[in-house]
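Pasting the structures in now, so scroll down.
Each of the two complexes below includes chain A, the first together with chain B, the second together with chain C.
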Partner chain A sequence: MTEVVATNQTILVVGGGISGMTAALEAAECGKEVVLIEKNPALGGRVSQLYRYFPKLCHPTCGLEINQRRVKQNKRIRVLTMAEVTGITGAPGDYTASVKIAPRYVNENCTACGDCGDAAETTVDDAFNYNMGKVKAAYLPSRMAYPQRYVVDPVVIGTPEADKIKAACKYDAVDLSMQEETVQVKAGAVVWATGWKPYDANKIQPYGYDRFANVITSVEFERLSDPHGPTGGKILRPSDGKEARNVAFIQCAGSRDENHLRHCSRICCMASLKQTNYVREAFGDEGKSTIYYIDIRAIDRFEDFYQKVQADPNVKFIKSKVARILEDKEGNPVLHGVDTEGYHRYATPYDLVVLAVGMEPSVSAANIPAEIVSDSSGFIEQDQANGAIFGAGCAANPLDVNRAVQSATASALRAIQVINRVARAEG
Partner chain B sequence: MADMKVAAYICQGCGLGERLDTANLAKVAQKEGKAQVVKEHPFLCNAEGVAMIRNDIDNDAVTHVMIAACSRRAKTEAFGFSDVAVSRANLREGVIWIRPDDEESRETTQEMADDYVRMGCAEVKKMKLPGGNPEAATNRRVLVVGGGISGMTAALEASKAGYQVVLVEKAATLGGWAAKLYKRSPSHSPYADPQDTGVDAMIAAIEADSNITVYTNAITSKTEGAPGRFKIEISQESGPTTTEEVGSIIQATGFTLYDANNLPELGYGKSPNVMDQAGLEALAKVANGGPIKRPSDGGEVKSVVFVQCAGQRDETGKHLPYCSGSCCLTSVKQAMYFKDANPDVDTVVIYTDLRMPGNGEDFYRSGQNKGVTFTKGKVSTVEATGNTCKVNFHDLILNDQTAIENADIVVLATGQVANSGVDVDAKLKADIAAAAGDNSLLDAWNAAQTEGAVKPISVLNLAYRQGPDVPQLKYGFTDSHFICFPYETRRTGIYSAGPVRRPMDIIQATEDATGAAMKAIQAVENAAVGRAAHPRSGDLSFPSVRREGCTQCKRCTVECPFGAIDEDEQRYPLFNESRCRRCGTCMGACPVRVISFENYSVDTVGSQIKAVDVPDEFSEKPRILILACENDAYPALDMAAMNKEVYSAWVRVIPVRCLGSVNTIWITDALNSGYDGVMMMGCKHGDDYQCHFVKGSELASYRMSKVGDTLQGMGLETERVQTFEAAITDIERLPKLINEYADKISALPPNPFKGF
Partner chain C sequence: MSIEKYTRSFLKEVEERVEEGHWVKMCMQCGVCAGSCPLGPHWEHTPQKIFMMIRAGKREEVLSSDSMWMCTSCYQCIVRCPRKLPITHIMHGLAYLAKREGLAPKNQPTAQFGQLFWDNLTKTGRVNELKLSLGMYFKDGFSQGIKNAMAMQSVGLGMMKAKRLSPMEIMGGHGVKDKSGFQAMLKKARELEDSRRKLA
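Moving on to the complex of A and B:
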């Protein structure tokens, strides 16, 4: 049974992406006790799956390393992975959360030596690479994974392969008898930082994400461009493995659309501008990018980045909401629509189309097991009625990393205000 | 102090026992490392292994622990003994995982492991357990400079957490920019209508809050000290100068609207009917929900044009190059002032990109529903004649030069200019530009130095060696350019919030100020226990200087990226420990090596370098020292090991806090000890720097550019010392770089200093 020591002066942080880690660390580095809950087997969240950040084109793992080091050495943070909050009862200053922990089948004896992975034969979809590759059924979620501990996929449990995996471990770290369990965690305040998920591109029917192999999403393109992704960083299109030298980016794929997401997802313009750099990085002057957009939202000094990309003769901007995508005989997606600057129709083939899909909350406020006020897209609004449950990062708004960290830092203070009030009341 | 007792623990798990002769490692630890306790263990990181070490500390008076096992990045918690000095010899990621498992490699692999054990023992003996800063300062009050929405939010939020606040506002009343607004854009669903600014309620809350002391008509005329012990002189207009003591500072000095007088082509100054956004707010306040009158004659307003990006996103170099991120929202809101009072008024927003992210989209939609017209175009001129204006613009949809005649009011959406004070790096930036052939900044700087020139006015008036204000990033904003760590300024314990940091709207400013309040209270809690702030948060060590050796050369005071070091009356460096971020740049800068940390010093690294057993010149076994930044290069090497990349057995890697902490004595020591080459791996520097200490890697590269002279003086080839930029993702690249470098060094004759 997992033991969690927590009191009504503990801050419960739900979600271990950049926002949750930030909220947990800022509070703990202020002397508060924190329990950090993450659904996946490792911390890091969606940013750890990005190849580069805009506008510096630096690598997200660089900041993740620092944050992980802060977590490792801070004894005030208790991390629970593969865990989800299923219920919250109580009131500000006195909550109890039910936390369901899925079996990892590997305990803290694991040294990440890799022997179990060598022993496993079955492969499963690689969630870290948006299922674009496979991993062994005993795997480390990523090279940067923290906790640095293997996971045995449930698919092999009960098979002879599981016994083989267990036998391969010299350190008694594989525990096939682990069961799902639910623990109760006390908390004075809750920071809800469950982040975002990419909008389901299948729902944008005219773009044929479900029908055309060479129409992919921006998050998938991120993994394709990463040298440590499924293609080793080669931008190869899924249908035939051909180099995708001529790439179209479609902005507001699902965003700013009352049939899909009402809101603007804020990051997609900058993400596509950044991704044109990947095309250039891979193919030099042979790499061509075209961005179909409504407005380019390169706010504040991001404008510099936009201007730099605009100056690149290999990047074209077309103000147009693409009407639909068809496929030609060679498997090239063909974009149809009207260029609103001059009003002419186009039917242009590309090697690959990237849908800049919008952000929606990973856990819509309606599905949070507590009464939460939300906006029309399911993001948590700041409201007294939420008690001491505070939204942070992309659970509260579609935000870029910088702003998500600000939001998380602010939410840590809001939680501390409650904890300090409890502490004063208890003398 | 108790006697030093060194214990060495050698793990045999994860293949170490099979690949290495651990008995020999134990012998090395005992004979050469002089460890008094030496133990091998089959699985050191498990509960029993950890308990064994714990027991030796508790019951056998062990004070220094050397753990020869995996990388210091692995099993950090298990081996996190906080009451003794601990060093880690990286035998797993650093040796067996990067060497082939074959007979031929066995000897060189073992030599590598032997050396890492020697180095681990040598390092730990030079380490002291940090005792904590004796000058820990415990003032927990927060100073907020600026009483607009950002400053008031920061003050109220810090107070709600139980902290006392001193709030200083330059104007006679609180409220700042927001107080000038008729209404603000919405902060809640359904994001359809302008809402009350809330300023009056905030002012009332501040006045009612016994935790908050307010000074109006006041400026911070002097700021001295450090986190936990700042002393602030507050000067009030025609009033007394008061001194307040605080523990941390939030600078929320906001913005000034870009001066529309710079835009005569857009009709500003030619007619009262052409105004900036502040001008329209003033009219709306007077109208108070009724119809807004035409300023020139009080006539009825039938047509209003909003010119977006007026003097912004400018590519000519004359105006603001950036986007202020809030003006689109404001113009839509202002158009609603007219539409809500009278739907028949024509309101046209002329824009190039409408930038209303998030739920701003709902507000935009609401504007459309209310009949506001949005036209994609670029305004070229505004002709103001009589009571109306003609707005000439290029329609970007029709690709047509066209005009709106008879506009009664034209509103120019000029942007936000940060009230950030003096650019303390102006001279440095000018020098760098001049070195690259651009003299414009230097000319401007020189002109500003002449007598009678208008000098920028400082906000904080910091009595710091490195200048009176927080360093600026770009375009006058005080942001840090960290993506992951937006609050980390280069002045510890001083945080900026709101539009002084980057252009922003009220929703963002509120959130930003709340986060800044979080950092401010964290800073005072850290200072109270002498604990470092980000990124080495929790580090209790601090730099100390051996004064008798100091030559007062000032390099440390100049180079510290965080302005932590002042000079005392005798011109010795004066460390302000709670400003220090423990990067060690001062230590790297010191030519006489008198600066050290308890757990990281010229000795802890130097003794490791000297502990390596350098084979003689006939052995054909070169030795290469790698000094790798622990933040990026070292993790990349660990991950290369996880991938089982192979690299040369000639190298010995020492992680450093930052390349900025590398003292050139380590290089000359290495070469004098017979190493054949030295590689340094640090983070990218320049505009898009990735150095976690901002300037560390840049300073290192500058220092190392001079190493060539030293090498020539020693009669050595310049290739023997090289600096490489390394990112944490260079997992395949670094092993390749190492191998190429090893080949290059192998091709050179052996270092002639071997054996001396």
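Moving on to the complex of A and C:
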């Protein structure tokens, strides 16, 4: 049974991405007790799935590593992974959350030696790589996962393979008797930081994501470019493994669209500008990128980044929202539409098409198990009516990492104020 | 005619005088309608272009364009437009304004058919299919009319079989009971429309 010591002076942080980690650290480093709940088997959220960060193009490993170390060293933070909040009752200063914890089948003894993975034969979809590859049924969620602890997938539970996996472990870390459990966690304030998910590209019918292998999403492109991704960092297109040297990016795929997401997702212009660098990095002058856009929204100081990419002769900009994608005999996606600067009709084939998909809240405010005020897209609004439940990061807005961290710090401060009030009242 | 006061701002005129015209300003020029319209490659001004021309004040060019008349009301553009502009309705509204302002292109087949249909319908309150078809076949002269009628023979016979077309209609045809009441209703509707849309 998992034990969580928490009181009305505890801050509950839901979601362990960069925002949740930041909020938890800020609060804990101010001396508050924190329980951090993460649905996945590891912290880090979607940032850990990026190849490089704009604007500096460094690897996410560096920023995340520092935060992981801070979490590890801080005794005030209790991390619960594979956990979800199913209910919140009470009022500011006195909440109780029900937290459902899924069995990991691996305990704290794990040294991440990997012997269990070698023993496993069954493979399952690799969620970390957006299901573009497979992993063994006993796996480490990702190379830099925190905690560095394996997971046994439920598909093998109850089979002889599970016993084989258990037998392979020299540290008595595999525990096949683990069960799903629900624990109650007290808290004075809640920071809700469950982040975002990519808009379901299958819903954008004219782009044929569901029909054409070589139409992929921007999040998949991050994994294709990463040396630790499914292709070892080679930009190979899915249909035939050919090098994708001529890549088109389609902006606002699902955003700014009354048929899909109404809002501008705010980061996807920068993401595509960044990804043209991946094409250049992989193929030099042989790598060509074309960005199809309504207008480029590189906000404030990101304008410099935009101008640099504009100066790259291997990157072309076409002002047009692509009307539809068809496929030619060689499996090349062909983009059809009309450009706004001159109204020229085009039908242009590419090796690979990347849809700059929009961001939507991973848990829409309507599905948060408490009364929460949200905007029409389901992002949490800052509102008195929310009591002491504060949205942070991409649960509140589509934001880049820098702004997500600012938003998380602000939420941590609000939560700390509530806790201070409780502390004074409780004496 | 008091259109002078509008000429400074064609967009404003469209907003006041064209059905759903107030939507034009919402167009963000993304190009999806132009790229999705099945007729797109065959006409001069796609909806995207028309909406930009309206904003640019190109009144003559827009109203004399033949593009609005080409629209088949397939609704592809409305379905796809990210801003949900009722594009089809605007296109038809523009065509109507063009016609009322006498700027619609001459001998435009859709416009001709529209007029024929309207005259046919409003005479008795019922469409006289036979006269409508004959009117359409013979609009370009007698010998072309015979050719058209021959080409459409099987369709005509099929319609007769299905009782959708009666040769007796040539005698005058069926109609509503209260023809003068019907005419008065149309007149009133037109008056209301004219005053609302400032059509003279």
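Heads up, the rule we're going with is that the second predicted complex is superposed on the first by the 427 of 427 C-alpha atoms of A that agree within 3 Å, B and C clash if a C-alpha of one lies under 4 Å from a C-alpha of the other, contacts with A are read in each partner's own complex, and residues count from 1 in each chain.
Here is the rule we go by: a contact is a pair of C-beta atoms (placed from the backbone, for glycine too) under 8 Å apart; a residue touches a chain by one contact, two chains touch by 3 or more.
Small disclaimer: the values here were computed from a predicted structure and weren't measured.
Taken together through their common chain A, the two structures put chain B and chain C side by side without a clash.
Legend: residue contacts after superposition of the two complexes on their common chain; A:E180 is shown touching neither chain B nor chain C.
Which of chain B and chain C touches more residues of chain A is settled by the count: it is B. Shared-chain residue A:R256: touches chain B and chain C both. When the two structures are aligned on the shared chain, A:T340 is found in touch with chain B and with chain C. When both complexes are overlaid on chain A, the residue A:S320 reaches chain C alone and has no touch with chain B. Applying the stated contact rule after C-alpha superposition, one finds that A:P398 touches chain B and leaves chain C untouched.
In the overlay built on the shared chain, the residue A:C113 is in contact with chain B alone; chain C does not reach it. Taking every C-alpha of chain B against every C-alpha of chain C after the fit on chain A, the minimum distance is 5 Å. Chain A residues 256, 340, 343 lie at the interface with chain B in one structure and with chain C in the other.
In the complex of the two chains, the chain C residues touching chain A come out as 28-32, 34-36, 40-41, 46, 48-49, 79-84. The touching residues of chain B, when paired with chain A in their complex, are 13-15, 43, 45-46, 70, 73-77, 80, 157, 160-162, 187-191, 313, 315, 321-325, 353-362, 365, 376, 396-397, 399, 474-475, 477, 481-487, 502-504, 508, 511-512, 514-515, 517-519, 521-522, 525-526, 534-535, 537-538, 631-632, 635, 639, 642-643, 683-684, 688, 690, 692, 727-729, 731-732. Chain A contributes residues 18, 25-26, 29-31, 53, 55-67, 69-70, 72-75, 109, 111-114, 140, 143-144, 148, 170-171, 227-228, 256, 262-266, 295-304, 307, 319, 340-343, 375-377, 381-383, 397-399, 401-403, 405-410, 412-414, 416-417, 420-421, 424 to its touches with chain B in the complex.
Of all residues in chain A, those touching chain C in their complex are 206, 252, 256-260, 294, 320-324, 336-340, 343, 345.
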